[in-house]
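What follows is subunit A paired twice: with subunit B in the first complex and subunit C in the second.
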Partner chain A sequence: MHAVPRPLELRLLLPLVILVPLGFAVTHIAQTSTLDPGPMAVAIGYVGLMLGAHLALRLVGNRGDELLLPCVATMGGIGIVMLNRLPQELLGTDAFGVRFGMATTQLLWFGVGVSAMVLLAGRFRDDGVLRHYKYTWALAGTLLLVITFLFGREVNGARLWIFLGPIGFQPGEAIKVVLVIFIAGYLAEKRTLLAGASARIGPFSVPPLPYLLPMIAIFVIVMLVVVVSRDLGTALLFMGIFLTMLFVATGRRSYVLLGILLFIAGSFVAYNLFGHVRIRVDNWIDPFVDPSDRGYQTVQALYAFGRGGLFGEGLGQGLPTISGHLPIPALPTDFIFAAVAEELGLIGAFALLALVMCLVFRGLRTAMLARDDFSAMLAVGLTVSLGLQTLIIAAGNVKLVPLTGITFPFVSYGGSSLLACFVIVGLLLAISHRSVVDAQIEGRGQ
Partner chain B sequence: MTGEVLRILLLVLQLGFLALLYLILIGFSRALLRDLRSAEVTQMASQSGIGRLSVVESPADEPALGSAIALGPINSIGREVNSTIFIDDDFVSGLHAMLTFRGRSWFIEDQGSTNGTYVNGHRIDRPVALSFGDELTIGRVRMRLER
Partner chain C sequence: MIATNVRRLSVYLLLAFASVSGALVWWQVLDAQALATRQDNPQVIATRRSLPRGSVFDSQGRMLASSVVTDGISRRTYTDPVFTHLLGYASLRFGATGVERAWDDVLTGRTDPNPLRDLLNDILARQPEPHDLTLTIDQRLQDFAAAQLGADRGAVVAIDPRTGAVLAMVSNPTYDATGFSGDPATAQAAFDAVAGAADNPFLDRSRQGHYTPGSIMKVLTASAALDAGAITPQTTFTDQPREEVEGFVVNGFTIREHDLAPVAPALWDLSPALQVSSNIYFAHVGLELGAARYLDYARRFGFCQALRIGSDVRGLPIDPSYVSARADGGCAPFRDEVELASAAFGQAAVSVTPMQMALMAATIANHGAVPQPYVVRDLRSHAATPAAGPTDSVLESYGGGRGNPAISSGVADQVRRAMIDAVLGPIGKLYAGAGDVTRFGVSGVQTAGKTGTAERGPGLKPHSWFIGFAPAQDAALASIAVAVIVEGGGSGSGHAAPIGGAVMAEWLKLVGTGG
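Take a look at the complex of A and B:
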């Protein structure tokens, strides 16, 4: 382990030195109508943290993908500018007798996330721990989920939080990573069996069910707990990850078709069984039926997109507060995309989505270059989880699919989500590092 | 009047923010394009092989530790010097195992060796399909199948 240069990463990170403080200054000027750029501590802290992450990756000798960190850092930069510009008392933490505002809390979580990322990117050399103990991981994850369901604290009608003293976190985010590890381990082991022989019923080839059963069993348990604890966005996300990974491992459309049919059936049952699902779907079909109560957030989000238009209201000039309250209560978490679209317009929203595309592209590239099935499946699963999560929440914001409460990766306010996203990037960096090093050994050997 | 100046300054700064954001995006897309072009080249160079064995453990250093053996479709493994993959180890039989690529996947079959062939630590008694990333143990040599 010795230091390596990462020149491209540094070059792509440097514009953030201007971008983030500029965003802070613009929003402060717009809101106070003075030439005062306002407090810069959080902006400087953020830029310093990302440059520090770059230096740390160099020091731990990671040769992995150099576009991942700048991509994530730019998304986070837009996010922290938006969060800093909102009323700070909206969300935040009371910890150690000090009140941290929203942006400060987010910055602290960025610190935690980046540390986890560097640790994984530098220290994670042997994937045996993940691969061989996949059932242990799945069991631990499921237990955590059940514990949350039984003893967690209820926030907004869903029991997803566990509090340790002042710090709360959502285990659902951790389960996402654990589930991907489990499915990757399972599919890598059984891939040849799954892609090979199968029974046929008429024109349809039926998957070799006995081989799939352990995985489906664990997946169903996880889905049940998630659905019962009313975390619909996560349920949709898990389903998408599961089907994509199954398709990537086997290359068979019949699995995906079967999965989609099951999903449609499941959605139908959920719609008729759970009141909160019905509310979400009815809101999606027509939020204007009840625009001041049930459809309120969706309607306000649509107005926000409308006000934003092509070029936006201008950074710091949108998002009017009604008697000190934001029109959209869940703005910093679920509706951050609507906030970006209102202030930066369609072109700003496109920029954000382009960054996500870049991230997904590099993640899939990492999977393609991976030397073994487990690493490849892991990289696919992790990447798809980030991409799908963005898709589900952005589409929910613009009323393309029913709204479900999940975060926009790296942009939304929320510690557990941020940490999970950085863990994902850390694992991608580790996988990418291994394939680069392997390719170099091969180059020398021949 | 100052209000007017401030408004214009704000507009310039706001546009500056968007412009900088798009400059960053251009930086990303250039990096992506450059990578795609170079990736094409490496792809062409590596497409000749269907797989390789990288040596994880080799007490006698034949095959050399850390080296990667390029594989053809049919490989004999053993202590016999004419084997495709020659292993110099007292615990390896003359013709120990056959490693073959059939259809879409790799198979390993023990050839009645004295000490057996192991896949991921389990001794095999019939031809076994391998996944990339699986570990073969033959004698005291451990090798990993990679693409």
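Take a look at the complex of A and C:
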């Protein structure tokens, strides 16, 4: 391992050195109507962290995709500017006798996430640990999920949290990664069998069940736990990841179609069985029926989009408080996209989506360049988990699908989510690094 | 193989991102304006709270309502409680009523009357500019009418029959709504005080009060029967003189005459029957006309449906008036001939608003066409100092149009002559004569009118009614039509008729008899 240059990454990161502190200053000036740029510690800390991540990737000798980190850092930069601009006491952590505000807490988690990313990108050279012990991973993950469900702490009607002292995290985020690893390992192994053989039921060609059974069994267990713990967004995300990976492995649209039909049937049952699902769906169909209570958040988010318009209200100038409160209670987590769209307008929202798309397409490129099926499947799964998560929450914000409580990757407030996202990017960097190195070796061999 | 599938996947993902982008374009650009004007939008509420609101002036430019912004809260002052029911109130706590509600978007400036400028304001995101309203009502007549009612519960409505312009609209008792605006915290006490007061001051009796009309309905019965050809002004009913004494038996039920006092029964045609207000004569007329035609003509006059003062977009709703029982927002068929015969002289299930009665009188004066009432005359740029009067920059003017024909002009003339006789005729002057404008200092002018004494059942004093118009000697001259009700006021001639005559006379003095 020796240091490598990553010149493109550095050049793309440099604008942040100005833009993030500028964002902090602009919001502070807009909100206080003074010329005081306000405290800069978090902004400087963030920029330093991202430049540090760049240096660390160079030091550990990662030759992976140089666009991933700039995309992530820019999204995170928009996020931290938005979070810093909101009332800091809204969310945060009390740890070690100190109160950390929302932006500070988020910055600390950025630190944790970046460290994990660098560690994976630098040290993770052999994927055998993941591939060979896929069942162990899956069982450990499922166990963690069950423990959370049984002993976790309930927040906002869903039992998704485990607390270790002052620090809470959502194991669901870890299981997302573990599930992708398992499915990738399984599909890479059985891919040829699955793509070849198939049975038919009526017009549908059905996957050869015996080959799929172990994977489906584990997937169903995970889904059951997720659904029972009322984490609808995660359920939708897992389903999406599963079907997408199945499609990439087999190339069969009929599997996906069958999965979607099953999902629709399941949703229909859930709608009639669970009150909270019904509320979500009714809200989605017409939030204006009850705009002051059940439809409140959805309606206020739509107003935020409307206020933003083409060019936005300006950083720090949107989100008018209603009798001292933010217009949308879950703004830093579920509705950060609406906040960005209000203050930066349609242009800002498009820019944010473009960053996600850039990240996703670089991730898919990594998959296409990967040297073995497992790496490819892993890269697809990880990338798709980021892409689908963005799509689900963004589409929920704009009322294309019912709203579910999941985070906008790298932008929303939330430690576990941030850590999981950085783990994903770290793994992508590792996969990308290996294919680059392999290609170089091949090139030299010719 | 995997690479191919990933490429296909990327297309699907692209489509998904494109749909999210499409939804963004919808909410942020295409639907943004609709979102921005929704009443539950916190921004609309905040705007209402802190932005100035246009003023309202009477027809002569006297200030009736104006707003000032102090401490970030828009406070509204109403100068004359006699206008409260008409103007309504604009309160942060209780919403808006009356003209304040119907014209809310214009008063706040949320909508510009000029669509081009409205669009420009949107594009430039301009701060809304309030607009001022001028009413058709002259405060002097409004105050005069209120003074005539005095402490009595009731209503006075006056309309220019030629245009539909409302000249007075008084409901008693009234209240001061100034305390309802401003700080929502103090508004509650002011509101509670009115809500707890006797005789329901919140009720706008002129357009929401429902009353039995009594004999003033004979104007509708006569108009309908003449226009349908069921009677002529010379029609008599042979049995009528006998029935005045013995009663008129319809389907086994005996309809009895009211106390004719100084008048001896005789064989009457239309004019004397209207002068003495013979229930028996008009019961016969109603039966000659028949139930179906009666309902048809009632609807032509505006009964059995919700009406509006102003346009459908910006109008004050008038409660429907009924000639029979209510059914599905209209009038039910008459139950039997007894109900029809009783309705013909304004009893049974007949239930009317003073506004509808004023429109009925105005229809006779307006050659048989029901005027379209309106009360906002024009819309102007906001005057910076409302106490000094409105600006000269009129942005829009409004009118009532020609009205909807209910009966022919010839029939309207016949009814007009009968109504003049009811005031000035040898017998009539004993009754509706109390509404003759010449008794109130106006000369050379004939008055048409009709009194009503609406029986309400045992133990309750009847409602006192009067409708009329003047000058009546030539339909083209009539410049004011009135309807007056005094709740529990006894006979129409005793109480309502003098108020009606005085109000008409006052108006003729204000504008001159030429109109």
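As a convention for this text, the second predicted complex is superposed on the first by the 440 of 446 C-alpha atoms of A that agree within 3 Å, B and C clash if a C-alpha of one lies under 4 Å from a C-alpha of the other, contacts with A are read in each partner's own complex, and residues count from 1 in each chain.
The rule is short, and it goes like this: a residue touches a chain if its C-beta (ideal position, glycine included) is under 8 Å from a C-beta of that chain, and two chains touch if they have at least 3 such contacts.
The shown structure was predicted, so the numbers you read here are calculated from the model rather than taken from an experiment.
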Clash or fit, subunit B versus subunit C on superposed subunit A: fit
Touching partner for A:361 - first (subunit B), second (subunit C), both, neither: both
First, second, both or neither for A:373, with subunit B first and subunit C second: both
Included angle at subunit A between vectors to subunit C and subunit B, based on C-alpha centres and rounded to the nearest 10 degrees: 140
Partner chain in contact with A:344 - subunit B first, subunit C second, else both or neither: first
Which superposed partner A:150 touches (first subunit B, second subunit C, both, neither): neither
Which of subunit B and subunit C A:291 touches, first, second, both or neither: second
Touching partner for A:23 - first (subunit B), second (subunit C), both, neither: first
Subunit B versus subunit C as contact partner of A:71, first or second or both or neither: first
Minimum C-alpha spacing, chains overlaid - subunit B and subunit C, in Å: 8
Common ground on subunit A, meaning residues reached by subunit C in one complex and by subunit B in the other: 195, 361, 373, 376
Subunit A residues touching subunit B - in the complex, by the definition given at the top: 8, 11-12, 15-16, 18-19, 22-23, 25-26, 29-30, 33-35, 66-67, 70-71, 74, 78, 188-189, 191-193, 195-196, 311, 314-317, 344, 347-348, 351, 354-355, 358, 361, 365, 371-376, 438-439, 441-442, 445-446
Sites on subunit B touched by subunit A in the complex: 3, 6, 9-11, 13-14, 16-18, 20-25, 27-29, 31-32, 35, 39, 42, 52, 54, 66-68, 70, 104-105, 129-133, 144-147
In the complex with subunit A, residue positions of subunit C that touch it: 1-10, 13-14, 16-17, 19-21, 23-29, 31-32, 35-36, 38, 40-43, 46
For the subunit A and subunit C complex, residues of the former touching the latter: 195, 244, 247-251, 288, 291-292, 299-300, 302-303, 305-310, 320, 322, 327, 341, 345-346, 349-350, 353, 356-357, 360-361, 364, 367-368, 373, 376-377, 380, 384, 387, 391, 394-395, 398-400
